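First chain written, first letter: the chains are A, B, C and D, and each begins at residue 1.
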Amino acid sequence: MSAVDLGTDLAGLALDPPVMCASGCGGTGRELEATGDLAGLGAFTTRTITLDPRPGAAAPRLVETASGVLWETGGHNPGRAAFRAVALPALARRGVPTVVSGAGSTIGEYAELAGRLAGAPGVRGLEVNLVSRNADAYERRFCDDGFQVTKVLAAVRAELPAGVALWAKLAPGGTLPELARAAAVGGADAVVLVHGFAGITFDPDTWRPSLGGGPGLVGGPAVLSQALRCVWDVHAAVPTLPLIGCGGVRSGRDAVQMLLAGASAVQVGTWLLRDPSGARRIAVELAEELRRHDHTRPGDLVGLGHHDTPEGPR
Amino acid sequence: MSAVDLGTDLAGLALDPPVMCASGCGGTGRELEATGDLAGLGAFTTRTITLDPRPGAAAPRLVETASGVLWETGGHNPGRAAFRAVALPALARRGVPTVVSGAGSTIGEYAELAGRLAGAPGVRGLEVNLVSRNADAYERRFCDDGFQVTKVLAAVRAELPAGVALWAKLAPGGTLPELARAAAVGGADAVVLVHGFAGITFDPDTWRPSLGGGPGLVGGPAVLSQALRCVWDVHAAVPTLPLIGCGGVRSGRDAVQMLLAGASAVQVGTWLLRDPSGARRIAVELAEELRRHDHTRPGDLVGLGHHDTPEGPR
Amino acid sequence: MSAAGRVLSVKRVAAFHVVTLVAPGVAERFRPGSLVALSVGGAVSAHLTRRTFPISAVRPTGAHGGTVEVVLDAGADAGAAAEPGVRWLVGSPPGTPVDVLGPVGRPYALPKEPVSCLLVGEEAAAAPLFALAERLRARGCGVHMLLGARSDTHLVGVLEARRAARSVGVVTRDGSVGASGELADELPAVLARTAAEVVYAAGRIPTLHAVAALAEEHGAWSQTALDVPMPCALGLCQACVVPVVGEEGVTRMVRACVEGPVLRGDRVRWADLGRVPKDAR
Amino acid sequence: MSAAGRVLSVKRVAAFHVVTLVAPGVAERFRPGSLVALSVGGAVSAHLTRRTFPISAVRPTGAHGGTVEVVLDAGADAGAAAEPGVRWLVGSPPGTPVDVLGPVGRPYALPKEPVSCLLVGEEAAAAPLFALAERLRARGCGVHMLLGARSDTHLVGVLEARRAARSVGVVTRDGSVGASGELADELPAVLARTAAEVVYAAGRIPTLHAVAALAEEHGAWSQTALDVPMPCALGLCQACVVPVVGEEGVTRMVRACVEGPVLRGDRVRWADLGRVPKDAR
């Protein structure tokens, strides 16, 4: 049998391994470099950057839940100018393929951000974070409206140099297949599934919300089965659309599940907070699982879980 | 300070304690009676009953996830006739207030079921499980369409004798506040939040879906923060509507969180599978938490977590 | 029914682990074939369902109070990693608290007459058959045993069998000890030789299926102990349903944890396990 | 940076637990004020974030390899139940595997001149100050200590302080030993008496706030060790941000785990902890 090869072509972007950090969970790159773990990533996804700096939400910004975390950073980021001046050149120097996550509160802001960042050295892709409120549409989230999703992607696509991948990141929710299709129509090369799941908890002593900002989003192993279902549902509806599975991944077996459900690559978020070497270990375990099942390429597994499945999502 | 009194009036139905088993997690009543735990419940909610018997989904019907379970019983139930002949009289004899969960695949079925069961001895309430596909509307789930929700509730209400409570149980999802309002418009006395969260997992050896039926629903501590958010969002939008919090509750502190988010009572589902005495213990712990904070009645806490909260659900 | 227990010891037997737990109240109500359901991981655990195992032995009293024993396959040698709950159990130091629910389930039904009985056990699943053999002997039944495994390293209880049974057969897939092949290959000859009227069997589903069919051919009753995951072991969750034909020929989905784990072999729809037959009610 | 450690021992000190862990590589890089971040519950754990604690002592080598020690408040006597991760740690038998990340964070900055230093410690948080005292004495600094607690049962290190420091003050809220009241009540007199040029402080936020303000009034530098939850201790999650005024008067939200835990007391916007000030960037 030939050897396992984790190299993956994700709609034109080469990922080896097909395991990345999820947006907002890999710091600036400096922290993972300090632990020696930056080089283990197939790509580095930055935290979500906006045009202007955002100081973010009140602390605590993250609390523990059963097998997960509840978080709200409030979009804390240095803004596109400082990001382009400091963090981005450092990432470029380190040579890890960089995917910049960006968001705006109008379509114009998304486009401007893309124009200012996508051409910078080292940027191999732009991940459009659509979990952001639309100032021009009653503060409704972009990701809840297929029409807006298409418009944002098309506007961003127009700003991208050739060779820079365009990904759309969506929140979990009932009409995901339609939204993913809308992203593809707008020009997305791939769709990242998914952002955090809405949650809240309360402090047992103060009886106030545990997070400084009140409500938040849930990530971690607790949501794996739900994230798998998002990927499953979208792949069932749009089997040709490349997907990136994100949510609760912490092992090679979890990554295999994401592939079976229909993803071509995975992102690791919350688990990096516990184990900064997680992505590297997951890649090793993924290779082992492939070997154990006599497979050589992750691509062989994509969507495999759908075949011969008894019917009946409800 | 006066003593803690857990007695709760839930829109006319007296619950003491305001802790029940969730539908489908308390068996027929016989199993919890065998462990001595039936009497500890403020009310017993039955598994969802349909007009005709349903043999249910293939095994396994339940697998473990991180801090949770993924399940799909496929609606296994003996049908309304056998239920009324066997399980229901037994529950009535045991004297625990019984709430019958029912579902149908048309509005007519919901109404017929209500007519046949709601008047039976021992029935104190009907929980309308709206997580069921509508044969008259392209198999769309009732719980995803506010108009259908209102119609089902109104049809069922018309069949109910006076003094039998009417509850609507909804699935988690983006437009919950609208759906809850729709249930109230149709005549629901209270809304149960929430049913399971959509999920799927795959077997690491066979690479097939782990559940016999393919996709399933997630319950257990893993979903507590998400269920709290459902209650929080609905209470924020419709503060006068009585809510029953369901999802991941396993301790008195979890119950307190449900109250703070806006629920008036709680249901315990998955945790009973691990600890059949769970509901009783939760009631004891709830009383302790009230005492520790110098409160005497659970009602004092309902919605308390909303006060002085920094803005910004996203 | 559920009680605070603790690990007394973990020992190796062949390729398996024997975990003995201090568990008040279980031993007194134990009957061969019944189960014990353990919660794993303690207070911090992410694993909330129970692990349910056949009880292999009990001791009503002793220095530590009543104890209960299970034999676990932690699969250390298989390519697949062991189930995390089992790994936790076999790795727990003495004193580790474990919530113990049991005994649960229907035990092996015992014949009223002193008939000849054949006990068929595969690998670790054979362990509970020795308690059964004892009770059968007490009733004057002739007890014969047939033990099987993939290889001699996975064979449990041959010495004990020689003490407990009139005759003992051994089969291994690799022929490392006894006959070479599957349990089912040996069964017809053993049934004929022992003139068994009842066959009691514990093992993998395909083995039980074969035993049930061969017993029926031979005109014997069979009592098969089904090993399917039982996450609650209380009859609440329906995870463990199997299709069983009842008296009137009607198939019902019955819960292996309360209506089993021991079921009549001729009543189980073996080919339909993991399915809901169209005619099920 | 993160390594497989294990529990060596758990001992009681006053109302607290001293947990000593075998942890390769931590002792060598330890400096007073730095932290260690532990994962709790082992492989089955539902608790996935780390518990981060100030290191109270290290031993580079020994029979068991390098060790690191933390003093934990399991709050056994408070009305509120102890945090489950801490409860697990203090209940772990020797040998329990624990993933250990450390040392992390900025330690106490040491003065270049042999100035007079006052070390202010509250309850269990005082434990790490003794390693600091040693290093300050090695530089010729005069070391004075002021220890406080709710009551004598919660006072840590008074005997050790008498050995380590030129003068030792003690305050308890209930007056059970030493002066009666809060640490802040005693501070002005002690600052005057010791002519301290630097104040090092560890304790609850209100205490640190008061220490920082009084040190500034007195004209001393202050170095405050912030105790806020640090779920990753890697600088990745931003859970631990605190508002700090930088050189140009600009407020930034800095991560206490990597930019702290020791911060200049005059730079922390104490009144705005748990908030994002409007002018923050």
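Methods note: a contact is a pair of C-beta atoms (placed from the backbone, for glycine too) under 8 Å apart; a residue touches a chain by one contact, two chains touch by 3 or more.
Just so it is clear, the model here is predicted, and its values are computed rather than measured.
Centroid analysis (C-alpha atoms only) places D farthest from chain B. Centre-to-centre separation of chain C and chain D, using mean CA positions: 54 Å.
Between chain A and chain B, the centres computed from C-alpha atoms are 33 Å apart. We define each chain's centre as the mean of its Cα atoms; on that basis chain B and chain C are separated by 36 Å. Within chain B, contacts with two or more other chains are made by residues 57-58, 66-68, 74, 204, 212, 220-221. Those residues of chain D in touch with two or more other chains are numbered 46-47, 80. Interchain contacts join each chain to each other chain, per the touch definition above.
Across the interface of their complex, chain C is touched by residues 66-67, 221, 292 of chain A. By the touch rule above, chain A contacts chain B in their complex via residues 57-58, 65-68, 70, 72, 74, 131, 133, 141, 144, 173-174, 197-202, 204, 207-209, 212-215, 218, 220-226, 228-229, 232-233, 248, 253, 256-257, 260-261, 289, 293, 301, 304-305, 308-314.
For chain C in complex with chain B, the touching residues are 1-2, 39, 46-50, 80, 99, 228-229, 231-232, 234-242, 253, 258, 273-277, 280-281.
Interface residues of chain B, counted against chain C in their complex, comprise 25-27, 30-32, 34-36, 53, 55-64, 66-69, 71, 73-74, 76, 204-205, 212, 220-221, 270-277. Every residue of chain C that touches chain D in the complex is listed here, in rising order: 40-47, 84-85, 87-88, 93, 95.
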